Amino acid sequence: MLYESIGEKPHEWAGKTAGEVQSIGQQDGSVLVVPVGSIEQHGNHLPVATDTILVEAIIDAALGRLDDEPVLVTPTVWSGFSPHHLGFGGTLTLEFDHMRSALEDIAHTGLQNGFDAIIFVNGHGGNIAMISTVTSTVGVDADAEVLGLTYFQLATEEIQNLRDSDTGGMAHGGEFETSLMLAVRPDLVAEDGWDATMWDEHYEWGGSDLIEGGPLSVYRPFEAYSESGAIGAPAEASAEKGDRIRDIIGTELAAIFVAIHEANRN
Amino acid sequence: MLYESIGEKPHEWAGKTAGEVQSIGQQDGSVLVVPVGSIEQHGNHLPVATDTILVEAIIDAALGRLDDEPVLVTPTVWSGFSPHHLGFGGTLTLEFDHMRSALEDIAHTGLQNGFDAIIFVNGHGGNIAMISTVTSTVGVDADAEVLGLTYFQLATEEIQNLRDSDTGGMAHGGEFETSLMLAVRPDLVAEDGWDATMWDEHYEWGGSDLIEGGPLSVYRPFEAYSESGAIGAPAEASAEKGDRIRDIIGTELAAIFVAIHEANRN
Amino acid sequence: MLYESIGEKPHEWAGKTAGEVQSIGQQDGSVLVVPVGSIEQHGNHLPVATDTILVEAIIDAALGRLDDEPVLVTPTVWSGFSPHHLGFGGTLTLEFDHMRSALEDIAHTGLQNGFDAIIFVNGHGGNIAMISTVTSTVGVDADAEVLGLTYFQLATEEIQNLRDSDTGGMAHGGEFETSLMLAVRPDLVAEDGWDATMWDEHYEWGGSDLIEGGPLSVYRPFEAYSESGAIGAPAEASAEKGDRIRDIIGTELAAIFVAIHEANRN
Amino acid sequence: MLYESIGEKPHEWAGKTAGEVQSIGQQDGSVLVVPVGSIEQHGNHLPVATDTILVEAIIDAALGRLDDEPVLVTPTVWSGFSPHHLGFGGTLTLEFDHMRSALEDIAHTGLQNGFDAIIFVNGHGGNIAMISTVTSTVGVDADAEVLGLTYFQLATEEIQNLRDSDTGGMAHGGEFETSLMLAVRPDLVAEDGWDATMWDEHYEWGGSDLIEGGPLSVYRPFEAYSESGAIGAPAEASAEKGDRIRDIIGTELAAIFVAIHEANRN
Amino acid sequence: MLYESIGEKPHEWAGKTAGEVQSIGQQDGSVLVVPVGSIEQHGNHLPVATDTILVEAIIDAALGRLDDEPVLVTPTVWSGFSPHHLGFGGTLTLEFDHMRSALEDIAHTGLQNGFDAIIFVNGHGGNIAMISTVTSTVGVDADAEVLGLTYFQLATEEIQNLRDSDTGGMAHGGEFETSLMLAVRPDLVAEDGWDATMWDEHYEWGGSDLIEGGPLSVYRPFEAYSESGAIGAPAEASAEKGDRIRDIIGTELAAIFVAIHEANRN
Amino acid sequence: MLYESIGEKPHEWAGKTAGEVQSIGQQDGSVLVVPVGSIEQHGNHLPVATDTILVEAIIDAALGRLDDEPVLVTPTVWSGFSPHHLGFGGTLTLEFDHMRSALEDIAHTGLQNGFDAIIFVNGHGGNIAMISTVTSTVGVDADAEVLGLTYFQLATEEIQNLRDSDTGGMAHGGEFETSLMLAVRPDLVAEDGWDATMWDEHYEWGGSDLIEGGPLSVYRPFEAYSESGAIGAPAEASAEKGDRIRDIIGTELAAIFVAIHEANRN
């Protein structure tokens, strides 16, 4: 459970006293990181917390590469926007407005501690529009720079070089996420039940892959596309590939944190 | 960080696949537990996640006393309703409606997995009205029994017998919470900075203690009452007392879980 | 109807001109009282306005014991939060948010007249979390002290001494409320139809009595527990007991009003 | 205070048991009446509850003219939409949405008792758009006929014949309202302080009179137009005129209640 | 489509650069006009955009009569509040709150350009309460004069003289609107399908005509009153009559624009 | 003004009767198109309606390439989400939730006419997250396929081949939009005032160009980046290039409309 590990790392807001949080927030070029995940079905082989676990693991990899930049990370918002997954069970999701409001409140009360910038770091495809939205709605009012990104949209060229599956293979519960889970929390990956459907997107402008997108958004309830709830090619996954992905994206994300810190120094 | 321990215990929703969650939800007399904490200032000696850590530790103590009752626990809602703590920093809080909506959504989507009962288990004084509210608003619509409680209102007679401080000593960051933190996560308790104010409630009908209450509610911004943000008698705290409190309340809470399970069997 | 008696008593906001209201609000230590009741089924022997009538009668008893403290009382909010009573008919209820917003608006516009404190005085069990909530949400923004209470949680030891029924007998439409109605508005108490169910709460931590509570909240639609809608022991009620209850709680409430006045003087 | 007279008249919802309410609601052609007033400044000579008192008095006059039609009246919604009066004090007002939601909830839960029609009867100029709005928003969902009116827009030709003031004299706190108050609750009319401004509307299409309107709406904060808060010609008021107005409009309103009853019989 | 004509007239906000808009807004006595229409069924002979087209045509007629007063007109809000028309198809409508919020936002951001007054000009009966509402809700906060009107409530005496139909003939899709459409956009009037029902309002206090109203509002789903969706006497319509109506009301509206300009000059 | 051209084209909802709309909606594979633009500053040389005009012109180009597919287009939602442009004037914008609600209502009431699919076609960068959001929130409830796109994200490879400016030149009011305006509505392009700033995005992961994006979102109030409000290289614009862009994207969009029609046939 969370209480056993929360606050163990040096960049965690949760383990500090109020005074320690404020003294970091007031440093020059301070950056607040808000991780956003989801609890939703991930096929028969991955736990429902997959997105929450992976976004944190990537952020941890990035934080470990920092020097002494004043960067704090809030606890992870573990509930995402996942109405399209409800059909499979295991999903805990908020309505769009409710999740948006929660993220805005976390940002506004977090920024009261003096941070110069805030960045939402997201790990779930269904949250991408959410993150872009709160980047705007928080940005309008905030006296700080407001940013947002989704970790699997970073370093996509390098990830493409790593992949063994075709387009569509790095989708929900596929080669990409299964590899990362094997690297990060192999104890939570089931030994069998690695069933997944390669999704044949009938619109050439649509996207069926986390890494390769397209300009056309289409609403898709998952039960119409997959029997197991997983989509892609988990069979191509490996812990080694997961380690490599974590390194690549963690390094990229660390560079972004440093760049934000530098850009917001007086 | 959370990703390192989430899903390690057998009753955790987060570490299971969607199918595993559903199969527990569909058992006779199944119970869903939603822990609710806060991230808020707790004086100079306790971390801001104190309420979140303690509510989880108590629930974990209760779950460890169960046999094979079908009980699952969602990840903890770590943001509470804490506007009265914002003056001290370190606080991440939601507006009342936003937190209420989030709890309702978690309950409604959680219950879609077939649970017969749901109980919100709260660890923060500022959330008490919230928990009572969502017990009603979820209860109106749910096809399941809906319950709520705040852990430090359990077994109050036994806790009174344990205490060394006078009324007011078991308040925010005082003898009670500091003892529990010394038992649960001593690594997060500061060695010094144990400053706290004994709060002399001027209304005899008001409450200045977690364990002893009163019929009169009064809104109190904390900065008006304490220089450190802590109220009570942390000097009376000890890890042994904390272990004892965890045992007593954990046992009581386990009995409640079992009673709910029994009451909702067909 | 209301228009025949509204404004007859000296502490009523409603019967004064705008200027008179303001001149009281601007006095030192001025207190604004907002009574909150309900319109909901109360069995076959009590009118649906029982909670509204009783909370006003108690407040009137308290106001009659004041000297010349600057205390004004708004008209009573007669609609409560009563979704659990809808099954019986006769109930007019607001959704939680709608009632909360109405109470906040009344408080905020009332406080514009210069009052130093505001207290919500509630007469309905279903409103308890509501009152606690608005005490917080109004308190965050108000430049005045904000308080709340439920009248039947006052002087509970003395009331316990008066009672003839066992635990559960002073529940909805039972010994307590029927006695008070016999004292206050006997013309509205039916001569027969005094049917009520003694409710055997199956959780030992739950509360089935207005005067004796418990730490566990459970949502209960009333039709599942009582055929008449009343719960408790109305047969133990008497007008004499009602007079005594009004005296005891009225005296206690007057002391609270005076204490608030004193605490908020410059 | 309200508790002394509420429920004394035979058509009042508040004084009945739940079962009595339902048995009237289930009669053929049953009509539910929701009175809506306000608490707002009315110059130096009228109490802030003037609109609430008058709308009830008119409804009472109408109900007294009925035979045995199944008509029930809820307690009066005493808070109106009065932001334009806040500058003078004495005003308790809800935001537009909050008041709209409250009216909708009262209507929806009231209609659950089987009524065939519901009519909002309003007594405050600032509520006119509100009443028209809820007539639509309740009407869309209700399985009953939904209607609304403002009492001083009835029988306007006859009222015009009675008046002694020019256009603008029957405005806020003027000849019309003061006459009615002298007839209904003379004890609440101040002996002096009858100051009022005749408002010279600079737009010929606007309306400065309750009885004579115009097609152009203009938002007017009252403090810009009157020193006392009253507008019109209270000096022309008399109790006799007030009695006559109550008769005329009460008769018209009774005819409307009967017509609704007849139109909604099977 | 809109892009072909938007911005062609000199008073249109849409065709100007940001700087041009601001320079007009900053002139003395500047007026911002917000046209509000609807998209809803208008029988078998008129297009669903009838209200939107006509309110613009009337405003254009008024603008053409101005000299060089600083008046700008925003694009027309083409979606109205029309739930009572959904049964016939062709209707695009917003919920009340959503449309109210949209109008408020347009007003608030429009007024940021320095305008001294704003007037909503409405063309749809279902929007009348909406316009009155936003006149209040915008007026409370705005640092400008806020007004509202519905064009067919102007010059009603003159229009009455023009009409050939009895009361009820100038209702939805009847003599009045069909005449105007024949004058303004005859290409969009169907050659046949001029079916309409003369609506026999059973309440004498209700209104069944755009020009002649009544004090009683009644919610009416249109499918209960007309087979075609049109109500009134379209057979009495003519293009000549439409030209005359446009002249009369256009002249009246121009006079109102000039009066607002004059009233708001320093 | 809009009334002069609305409804002239065969695919326009606005010019049809209710019955005609329904008969198209009920055809097999019917598609409803909702254009979404904005009214916001576009530098000193382009009108504030630029995004609204261009998204319509592109849709018109696509509709002209269709055969007899059952496709209808609603009037354009001309107000976008543009808080970051308010500093320059000329901007009419809705709050995020208000615009989202309006789009959802238009979609839900539009789909009541039987359409098999709905697509939001957007023309404003600030609306991209909005469109993605409503694609989800409408999709959850709709009994139709729900899609969304932003026109300038189509055919980006071909557009890249056409451009003469470097990255950043096809930003707000730059080479791309100015070219299209010169092709579509040259009468609304100012002869001078073509000032624009080439924006040197300091984050390499951010995007400063409509056509070339990046994974990092950053909130940017425009006044911090440009003196004129325009960003990019309008000097590289030409009407010929605009014609070519309209052809390329219009053709692509027509192919998407046809694909949606085909995919949704029974």
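Just so it is clear, A, B, C, D, E and F label the chains in written order, and each chain counts residues from 1 on its own.
Just so it is clear, contacts are C-beta pairs under 8 Å (C-beta built on N, C-alpha and C of every residue); 3 or more make two chains touch, one makes a residue touch a chain.
Just so it is clear, the structure is predicted and the values come from calculations on it, not from any experiment.
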| item | value |
| --- | --- |
| Chains in simultaneous contact with chain D and chain E | none |
| Least hop count linking chain C to chain E through chains in contact | 2 |
| Chain of greatest Cα-centre distance to chain C | F |
| Angle, in degrees to the nearest 5, of the Cα rotation that carries chain C onto chain F | 180 |
| Copy pair chain B, chain C: interface residue numbering same or different (half cut) | same |
| Computed distance of Cα centres, chain F from chain A, in Å | 29 |
| Whole-Å gap between the CA centroids of chain A and chain C | 49 |
| Sites on chain E at which at least two other chains make contact | 97 |
| Complex interface listing, chain D residues touching chain E | 81, 83-84, 96-97, 100, 126, 128-133, 135-140, 142, 145-150, 153-154, 156, 202-205, 215-221, 256, 259-260, 263 |
| List of chain A residues in touch with chain B within their complex | 1-9, 12-22, 25, 39-49, 52-54, 56-57, 59-60, 73-76, 78-79, 86, 88-95, 97-99, 101-102, 105-106, 109-110, 112-113, 184-185, 187-188, 190, 193, 229 |
